[in-house]
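These notes open a run of structures that come right after.
One chain, chain A, appears in both complexes that follow, with chain B as partner in the first and chain C in the second.
This part shows the complex of A and B:
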């Protein structure tokens, strides 16, 4: 356990510096396991970076994703019972959810609307008519013995998701990519089984049974874990912006299975495996890269890749074959006879008379106009309106609430947004990551930060002091910047006789630096300035110090 | 012996009245709901050997009757059925009253809710006297294949049959009720309840209706809610109505029909269609006689009744003409595939976990499932599950299920063609012949019998059309013969009007007219 902790901590530590959590993690992960998966790394980065060309006969990874997103809705897909994550076991179960005989499904319009909104945001074609089907298998947490899903025709097809990842040496080059969305289908979630091996019992919790899911199928347009993680992160942001899924992977609101294969570019796709049980984007990236490398190595040894389901073990970082229950399952699909076709109408005018306003009638008009600002649009707006760098826009949008925070600060200060961005994306976010807090839990309000930055902008405090004051405000929420500056006497020292004395003392005690400066090494001046700031605890007016030092050494 | 056990005598007016009559008598204070209920319960006890009921809800019935009585005394009527005893087939969920589907699987199942149709009757103030016997999970056409034993046709013990079958001393030649809603058929004709709910998937209400001499309506699919009806085939199941007169069936239909938010396949009954009328004029009616219904095995007597009725209608001014429903011949095999497929799916939920029979086998979850299902279901149910799963296998789906669905569409189109060509209603037999004796019936297996017995009834289920069986005469064996009317979708009211016209002219006798001989 200890070894494990040690291994993990540095990763987290470095990550906290950036909200580009997954991309960085991906990067660091590579460094950590480079020895093991070197080929995978070079191949992946060569794909991600258009400047490098991969050799055509080299095996590369091909990754597609199947994503189950729990629909954010008060009630379940086909029943009126509430949806909740941590309710007592079996407390959110209707007669239908428990599959009592004689009960029938009643489609929840909210769930359909959520799927349609998601489909619109992902540029899908909405099927005007789609169907529900039964998928049969016996499992203890599937009370009816079948899942209601959309096998024959899904509610939406043929979409795409644009996502970006940071490439280049400094990870500051934006690389834009697209993944095709094959389809979005509505289906029921299952319950949960808890196996008690000691008493050889299985306990069933049906709270989740019947919760609405959107299954999104992403085509195999990705080639490594980093890309998959970036695509999933972008999807998460889209879903959260739409309010159609909370998108929390650790709570199972977003579940990702990866279909992984390897092939030589231009050749047919290889045999794929499905990797399940991945509960974070970081693990997704690792699991995929491990699996690609495993397949390459297996093929290298002359072994075949088996079409199998594997599970990701986050402790070892390996994928392991899952115990296959009975070989290939035949789900014996059948049309769900208790639900009429799902019809989505273009506008209110096309709804047949008498059905308008009826349960289960979904109209595109209105949903389309009601779509919120999507993450890609937000980023473009940030770059355009505030003159930010694209990577900054990523940080602001990817961190929940950070963009709103930033914009609130901008409103309350005269400081230019471009100069202000570092305070938000480095200083503030650094503190947040260090304390593992979300933006909504930030103890320093946007107006308090704005007030602090105003002091600096007006020349009352140096930027060094400003950072110090921010630290104080963090430790003691509610304290305002002017108060801290006053109490701790942190205002800039502008009195030239005081500074004259300090400067002279510094010069006298560092004759070597003075000599170097006089010999033309201008860099030494910064060194001397630093020493003066140290003496004054960062309170000296840097412009004044510079001119005094120059005067005294010339 | 049986003559002593149950003397089928004229038992006073009260129990043999129609709903319309008894409702009026209750309102006028001529009959007390409590007295009426007690009489029904007493008669249920007396007719216990019919095995019509799986559960008799005596206590609850008396309580409900008491409530009805105090309402009526105050002049407050909850509805036209207030205080009227009714029975429900044991595949409709009834809150806290065991609902078994005549299966070991659900022997102790207490549903926590009422089926919509049951609730609607209760909301009218009707008094539930019990749950009726059936074939296990409604899979059968004899009411002989339930875990609680076969149902006996009340006409087995009435004079016309007993005189023909050679004496009262021999109890072995009793006849079946038909099925699978045989308990409901027997309950209504033996005068233990004024109406009963059946379910009709391939003829399960009309078949016992015909063999027991009751009016049996299979409404248009979607007109009545299936919420709470434990399904056999979701796409064909409808709650059926068994009564002693067509007017009664119309009253009950009126109460039960309409959109139910809990069943997405229900629709609001279209108001454009004519409702039930007791003064229906058949002169403008066009009656179709499907030639394909001259099926092998059709008894001479049933054929004679069929012709008689056609002549009767023609004589009264209706246009009677032969029509063709060419795909009818395929309906049995088509039905068999679709039925088994849905059965396999619907029965998947019975795994012994949430409810129902659970085996003591506990070596693994899978072993427990297998044992529970093996112990819980009879061979008929298991056989249909097995073949249904076979039909649904990926490699078979197109050859069986998809093909059957296509044939189903053709069968429905046959009806559409006939109706769009000007035919208002089709007249057909309901069954091949009158009721078989139990000893004869069980000589063939369930599948063979279902294939034979459902031949005239299940095309209407495949097409979702309304159909009603009306008793027309007693056969030479002294057993009821019924004929069937099939109409266009949502023309249930018109259908009952025509049935009423027939009913008025054939003068089918009530069982209460006959005293048991040798008594």
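This part shows the complex of A and C:
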């Protein structure tokens, strides 16, 4: 079956023009590797930086996001069919998902719990009673002709997401920000359409039809692409920590639409455009910045910004208008007649007697207690208990599994965590990035790295040699540090007489430096130490070399 | 089963099938929120006893406590009491056609639409003063929640044959988002249909 799929797929491409049905894009990225959002690269223009007081008549961007997060559950929102990513087409479809007459929706408790947990983590107010509505539109991958969603009263409202981005010239200043969450609603996902333009037909796969989504609506509290990307990254980490959504943008588990407008601070918001079809955080940032710039330029030329839907073309880096909406869309919302209100209880005491002990009840108390450690708490703990810098805590939490790796290394060595962090965030992460590996695939285990750092801490090898040994261990995963040091004779030269000779040779061949040092230029000492290390291939004990050189030149 | 695309396509369909549908679209398009029309006109059933009523129906000719009146109790409204039909504008027909994905821009179709509107206008005669709007008979109930266990699916061999056209394991639908004919083209379509 998989082979058949492959035969068909090359003929198809995702329709980028679909103006109303934006979910359908970003579908066929099965081979893509998830790209993590980097919060360390700034594309945020100065206008968005409150540090630099922007002139009041200058136009600034205003960005709000609508995020669809696919709920991580075994079964769909209203049917008992399986949720899965790359299954054979139409294999994960029940009669209800295919909208056969006479089928009725039965809500999945897990999906409600996931939305409630997410809402609690984002400090939302949970509506104890919420309603489902039908939103009508015709599209072939929505077989019922309507989507069940929450329009009148969503499951949660009025939350906030705190996120941070690295600012300043050295990218080491933490800027903390908050974006308000307007609401979180439960709704059904649609199926997938594959457009075959040559044969003028659309192929429909309903495997995704009816999968549970949480739609998170963020208020327009952001002002540039970098902020939006950082907020989405933080949300992604929160969702992953909660286990309510896998958060993989390239697989469409997290889909972001951006509402972008520009205005002069203090004045009312400008006309907004909606940018859709953004399937990575990097593109999100670029698309938003491009769109802000485009609107500023258009207004500068005396043109108006149209309220339109635009799509992001990742090749050109531009946003392009999608086909005209032909006037305002009319979704004809109506209350879903088949579903009574969804009730969530504060504690077990408030559950009606008849329902106590019943499985089909969602109680806030238990869910609140079961919330895992959230990324912001993790970072605070890392800074507090290991004395790390905030930017290091970001690196550790941002990279999946890196914090656990770091903590494992800390446990196995006497080296101070603060001295150790560079090895994890620079050396190890550098190797991982270079080989495009995740932490879980790292060939050097935490204990192997700990062993290497122990050697350095104990003064057996220099830090230069330690880096060299790490490279050796990376190339040949089975090998341990002591073995490499022994075989290649990399141990620190502590023998005073050997070093005496080397130092003397260096001093003899650089009389100018010696003179400078004697005239009081202390910096020259470092230069001389470097020359000695070069001679010994980094194996000399720096403390010893320093004292020898000082002794000889004084 | 693939939505209205496949059921109706852009073909002509028997108008009496879609009459109620059109009627709904008409009202939906007249007011921004369909609730306001739909809901206000429904009387809220209050003071209904919540205790269960024992009903013995099988093999029984006993009287039971039915909520259904034995005899119909309507009185026909005089045509003059129904508000007169506003002119259905060409733009409104455009919008209805687009929302319903049904072509009915024929003389016969327009008459049918007008009759549907007139029929639905009877509801405006119901006095709803002081009645709290209601949007579902289930509004005092609460949802049953099921466990997250796979119980269905894997029935492509039953579902796929229901579709007219399939390719491998996919359903086949016409390309989506077909632009509607331009206004002038539509006007000429109407003219021709008047024969």
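For the reader, a short list of remarks on this structure follows.
By our rule, the second predicted complex is superposed on the first by the 497 of 554 C-alpha atoms of A that agree within 3 Å, B and C clash if a C-alpha of one lies under 4 Å from a C-alpha of the other, contacts with A are read in each partner's own complex, and residues count from 1 in each chain.
Quick note on the criterion: a residue touches a chain if its C-beta (ideal position, glycine included) is under 8 Å from a C-beta of that chain, and two chains touch if they have at least 3 such contacts.
Everything numeric in this text was worked out from a predicted model, so none of it was measured.
Within the superposed three-chain arrangement, the count of touched residues of chain A is higher for C, of the candidates chain B and chain C.
When the shared chain is aligned, chain C comes close enough to touch A:110, but chain B does not. Once the two complexes are overlaid on the shared chain, A:361 sits against chain C while remaining clear of chain B. In the superposed model, A:408 lies in contact with neither chain B nor chain C. Contacts of A:525 after superposition: neither chain B nor chain C is touched. Once chain A of one complex is fitted onto chain A of the other, the partner contacts of A:74 are limited to chain C, with no touch recorded for chain B. Legend: residue contacts after superposition of the two complexes on their common chain; A:102 is shown touching chain B, with no touch to chain C.
Touch criterion met: A:204 reaches chain B and chain C at once.
Applying the stated contact rule after C-alpha superposition, one finds that A:389 touches neither chain B nor chain C. Contact with both chain B and chain C is seen for A:332 once the two complexes are overlaid on the shared chain.
Residue overlap on chain A between the chain B contacts of one complex and the chain C contacts of the other covers 95, 98-100, 106-107, 138, 140, 143-145, 202, 204, 330, 332-334, 337, 339-340, 359-360. Listing the residues of chain C that touch chain A in their complex gives 1-6, 24-25, 28-29, 33-35, 38, 95, 98-99, 101, 135-136, 138-156, 159-160, 162, 165, 167-177, 179-180.
Listed in rising order, the residues of chain B touching chain A in the complex are 92-93, 101, 106, 109, 111-113, 115, 226-231, 233-235, 261-265, 341-342, 344-345, 347-351, 353-355, 365-366, 369, 389, 392-394, 397, 401. Partner chain C is touched in their complex by these residues of chain A: 1, 4-5, 7-8, 15, 17-21, 73-75, 79-82, 88-100, 106-112, 138-140, 142-145, 193-195, 197, 200-206, 323, 326-327, 330, 332-335, 337, 339-343, 359-362. Against chain B, the residues of chain A that register as touching in their complex are 95, 98-107, 134, 136, 138, 140, 143-146, 202, 204, 330-334, 337-340, 359-360.
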